[in-house]
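Chain naming follows the written order as A, B and C, and within any one chain the residues start at number 1.
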C-alpha cells in the first residue's frame, strides 16, 4: 500500500497512510483516525464511475478518487448527482457501492473541508454530507456496500446507510465511527444509524471510544453482515443482490421506509440546526487547534 | 406430511403444502410463502379447544382447524372469544398456545379473506387480526407459545405476541414474517413486535427479505427462546409456565405492561387508519392480481 | 462468607446471607432476592471512601458499609455528596466504583427504608435513589464498575449506570434486577437503563422473571462487559480507565450525553410522579404484608 499510494499526492493523505501503516501496532491498515487529508484538486476527472447493467437493473458505483476516496464537497456532490440519477432511472433497481482503490473503501470526510474554511463553505459541506446520507439511507433501490478496504468514519456511515454490507475478510481492514478519537463528535444521525445497525449498547461503547473494528470484529458485532475473500467481494454483492431483487420492489420499499422513516425524518426536521451545530463546533478555536495539530502531525510524519 | 395432509381438504392448502414440500430446496416444511389458502367452510365445529387445569391455573389453547390453522375471520373471532373468557377468569393465570395439527402451528392469515372480498369484509377481517394481537400481546396472563410446527406470517405474529416461545427442534419447521415474499407488507405493529423481539437490524433484514427461519436459525436470532424435541414441546411449556407463575402476578403484570404498553398504544391510537390502509392496499388491482396469480399457481400445482 | 459476616450485625442481612448461601440450589452467593435488610445505625463512620489519584485523575470510590452495602437513605446521601464533589473537581476525569466487602458489591436498596416507614421518609428515600442514578448515568466522568461481588437490584442499577462493567469471574456472584421476585416492580428508568444495556427482549425476560444472572451468564447477555479473576478486578478497571481517558473528554462527554440524555430527561420530567407512584405502591397494605412476610422469613432463618 505504501508504494501504491506514496506518489499519488504531494501533500496528501497517502503518505500519512503509509506512515501510519508502518506504525500500526495491530497491523491494521490505518486510513486516518477519522478524517482523510487530501489536497483539494480541481481535477475534472470524475471521482465516481457508474456501471448500470440494464439486463439486471443493477448499478455498480465505483469510488475512484485516490488516494483514499475522501469525502470532499466535490466528491459528495458528484456522489449525490449519480445517486439521484439512478434513483430516477426506473430500470435501476439495485445499487452496489464499492471502491477501485486497493485497501481503502473510503477514508471518510475530507479534513481539509473542516480546517481553516469559512463557515459558509463548512455549512455547504455539511449539507452535502447530510444529503449523501439522506439519499442513501432512504433509497428506494436495494443498496449493498461491497467494502473492499478500510472504511472509517464517513466511510462507515456510507456503509451503514446501505441495506447490506459485505466486507473483505482481511483483519487489516477496519471500519467504525471513530470520530471521538480526533476530538470530533459523530452527530445524532450517525449515531441513530449505528444504533439501528448494532444496537444501543454496542453503539454507545463504539462511539464513546471511537472504536475501529477489524473486519472479523465488525462481523461479530453486526456492523457488517458478511465477510468474503477480497476477490469475491463484488461477485458476492452481485449474488446477494439477486436474492434481494427476488422480493417485489413495492413491498420491500414500503417495508424499508417503515424501518427507516423515523430516523430520516428526525434529520429532515432538524437539518438547519444540525448544520448550525456542526459549523459552530468545527470552527471553534479549540477544535481548529486540534485539527491543526493533527495536520502538523501528518506533515511531520511525511518528512 | 404430504400423506398426512393430502386428503384433508378438496381445495385446500394441504395439497399445496405437499407440493411445495417436494419442491423445497432446503427441505423445510413450507406452509405457504405467507398466507394460507383454505376453502371457507361453514362448519360449526370449533376451531379451537381450550383445556383449563383449575389446579394449576394454566389453560392450553389448542388450534385445531385443518389443514393449517388458517387465521380466517371465523377462526380469529373464536380465538378472541376464548382469549377474553380466559382473561376474565381469575382462576386462569397462564396460557399455552399450541396446535393439534401435525407439522403446522399456524400458516397465518387466510388468503381467501383478502382475495376478491368486499372492502367491508376486508376491514372486518383486519380488525379481527388487530384484536387477536392486542389481546395476546397485552394479556395479563403468562402466555407461552408451544410451537409444534411451522409458523409463518400470522402464525409468527401470534408466537411473538406471547411471553415465551418454545419450538420443536426440527429444521424443517420454519417461522418468520415473510409477507414481502408475496408482495404484501407487514404493518407497523407486526414490525414493532418483531423489533421488540429480535432487535432493529435483524427485524429490518427479516422483513425486507421476508425471511423464514428454520427452527435452529430462529433460536439463533432470538425469534424463539428454546428448542426441544417435538414430543416435549408441550411438557416443556408446562414446566416453563411453573417458573413464570412463581413470580407474583401483580409485579409481573405491571412489568409486562411497562415493557409493552407503548407498542400497544401505538396501534390503539391508529387502529382505524391501519384498517383503512390495509383495505386500500389489499384491494388494489395490482395486489389482487398478485393474489390471483398466487392462487392460480396453487391450483395448477394441485392438478 | 457465613463466618465473615455472621457477627457483623445483630439484626442484619448478613445472617440471612449465610443462611441463603447454604440453601442455594445453584451455589450462588445470594444477597437477598431483592433488597437488603440492615438495622439502621447512626454510626458516623463513613460508608464510602474515596481515593483520588491526582496524577491520573482517577478516583476509586469504595463502598464499605457492612454487611452488604445496603443502599439506605444515609448511604445514598453520602454517595451522592461524594459523587458531586468528584464531578466538580476538574482534576478528576474517571471514577471506579467498587466494594471493600468480600463477596458483595451492593445488595441494593435497604428494605428497612420501605417497611413501616412514613410516606415522607419513603419519598425522601426514593428521591435519593433517583439522585444516585441521575448523577451516575449522567456523569461527565468515565465511570467503571469494578463488580467484585454479587450485585442484585439496586446494586445492578448502580452497575448499569456506569460506562463499563468489569465483574469478578465467579459463578457464585450474581447480578440482575430481580425486583419482581419480591413482588416489587423496577420503575421505568431502571427498565430503560437495562434496555439500553442488554436490549429490549433480554430486558423483558429479565425483568418479568426477576432474573439474577451468574457472572458468566451476565457476560453472555451483555449485562457486564468483561470478567476477570477476583484479584484483578480493580487493576483491570484501572487499565481500562486509561484506554477511556485517551479519548478527549469533550468529545466523549458530548457523545455520552447524546446516548443517554433522552433516558435521563424522561425521569427528570417525571420525577415527582415517579416518587408519588413509588410511595403509593410501597405503602399499600398488600405490599407491606409482602415485605413483612419477607422480614419474618429473614428473622426466622436467623434463629
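Just so it is clear, contacts are C-beta pairs under 8 Å (C-beta built on N, C-alpha and C of every residue); 3 or more make two chains touch, one makes a residue touch a chain.
Source: prediction; values computed, not measured.
Engineer: Check every other chain and keep only those touching both chain A and chain C; list them.
Structural biologist: B
Engineer: Report same or different for the chain A and chain B interface, where same means the shared residue numbers exceed half of all residue numbers found there.
Structural biologist: Chain A vs chain B: different; shared/all numbers falls short of half.
Engineer: Give, as an integer number of Å, the spacing between the C-alpha centres of chain B and chain A.
Structural biologist: That gives a centre separation of 40 Å.
Engineer: So which stretches of chain B touch two or more other chains?
Structural biologist: 199
Engineer: What residues on chain A touch chain C, complex-wise?
Structural biologist: By the definition above, chain A touches chain C via 179-186, 188, 191, 199-201, 203-205, 207-210, 286, 290.
Engineer: Residue numbers of chain B touching chain C in their complex, please.
Structural biologist: Residues 163-164, 195-199, 222, 225, 243-244, 247-248, 250-252, 254-256, 258-259 of chain B touch chain C in their complex.
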